[in-house]
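We just call them A, B, C, D, E and F in the order they show up, numbering each chain from 1.
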Amino acid sequence: MPEVVVYAVAGRTPEQKRGLMKDITDAVVKNLGVSPEVVVVSIVETAKTDKARGGIPFSER
Amino acid sequence: MPEVVVYAVAGRTPEQKRGLMKDITDAVVKNLGVSPEVVVVSIVETAKTDKARGGIPFSER
Amino acid sequence: MPEVVVYAVAGRTPEQKRGLMKDITDAVVKNLGVSPEVVVVSIVETAKTDKARGGIPFSER
Amino acid sequence: MPEVVVYAVAGRTPEQKRGLMKDITDAVVKNLGVSPEVVVVSIVETAKTDKARGGIPFSER
Amino acid sequence: MPEVVVYAVAGRTPEQKRGLMKDITDAVVKNLGVSPEVVVVSIVETAKTDKARGGIPFSER
Amino acid sequence: MPEVVVYAVAGRTPEQKRGLMKDITDAVVKNLGVSPEVVVVSIVETAKTDKARGGIPFSER
């Protein structure tokens, strides 16, 4: 029931993403007391050209 | 004016997505009493490796 | 598994919101062929002062 | 047609929010070449207790 | 740099939310190898009347 | 600290996107009085088949 969306730049490995989704799910289960089966985590990746900090794309940082 | 974002795993056909966006638009128009032209629906697709339920990626479920 | 987020200005009745969430759920079930129990719809309401079209807040339109 | 969502902690004045939405709209119009009337900006505010950087809520930073 | 948004029904205690944000931050740092100071977590709460699973509001489940 | 997400159809040039992210960052800095380094902007692009206004995909408008 909590849905989690992670906005990240592309380029992580499937292992990193699997680990991230598993650990976030565990964090939700532990703190909110819900069943793991109702926790959905989505990673929304953007190209490094499509994300910026301080106005500078991550492709140029 | 209502903006709708659908977070889904990739793999649906264009026909499925067109039908989904049409029916969601109709649902908004019917229930909120707005003009269809102000209703925007976006489908944000993620790879099955990038989405998990219960901590398990949809690529492995 | 598809999660739907609706960004709307505040002010709708509970009946309108219930109807909207029901009809969007039906639209997802019909078009994507999933079970209703995996479809979650959230309405994220913002005050009319916090949403704008054409740069003009809805509180002033 | 571009929809912009700003996730911010609560506490800004209506004037700040109006100015922000106006300037973001102008930025979209200028860079993407669309009509202002298709640009929608929503500010999604969260309480300082509900947002964290570095794992520390903004209410405690 | 990864931004995390958690969509949850309202009603959790500040302690639950602080713990959740801390643990999600740790999950991001551990799996993606980033500094905690670039990780922002926002909890977007919705009233139980404004969120549904299976088309049924959480206020009625 | 404010995180900005722009939902747009794909097809803009890197120059357009860089300019958009820069100008949105400036708008946040100017109106909210924060340091540029805490402002993150993400552009979430969707294919024209995956986004609709008035129930009609942008690929058919």
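Note that in this section a contact is a pair of C-beta atoms (placed from the backbone, for glycine too) under 8 Å apart; a residue touches a chain by one contact, two chains touch by 3 or more.
Predicted, not measured: the structure shown is a model, and the values here were computed from it.
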item	value
Touching chain A and also chain F, the following chains	B, E
Winner on C-beta contact pairs when A-C is weighed against B-F	B-F
Reference interface A-F: repeating pair among B-C, A-C or C-E with over half of contacts shared	C-E
Distance from chain B to chain A - Cα centre to Cα centre, in angstrom	19
Centre-to-centre distance between chain E and chain A (centres being mean Cα positions), rounded to whole Å	12
Distance between chain centroids, defined by C-alpha means - chain E, chain F (Å)	23
Contacts with two or more other chains, residues of chain B listed in rising order	1, 3, 5, 7, 17, 26, 40, 42, 44, 51, 53
In contact (per the touch rule at the top): chain pairs	A-B, A-C, A-E, A-F, B-C, B-D, B-F, C-D, C-E, D-E, D-F, E-F
In the complex with chain D, residue positions of chain B that touch it	1, 3, 40, 42
Footprint of chain F on chain D - complex, ascending	1-9, 12, 16-17, 19-20, 23-24, 26-28, 30-32, 38, 51, 53, 58
In the complex with chain C, residue positions of chain E that touch it	7, 44, 46, 49-57
Contact set on chain A toward chain B in their complex	3, 5, 14, 17-18, 21-22, 25-26, 36-37, 39-45
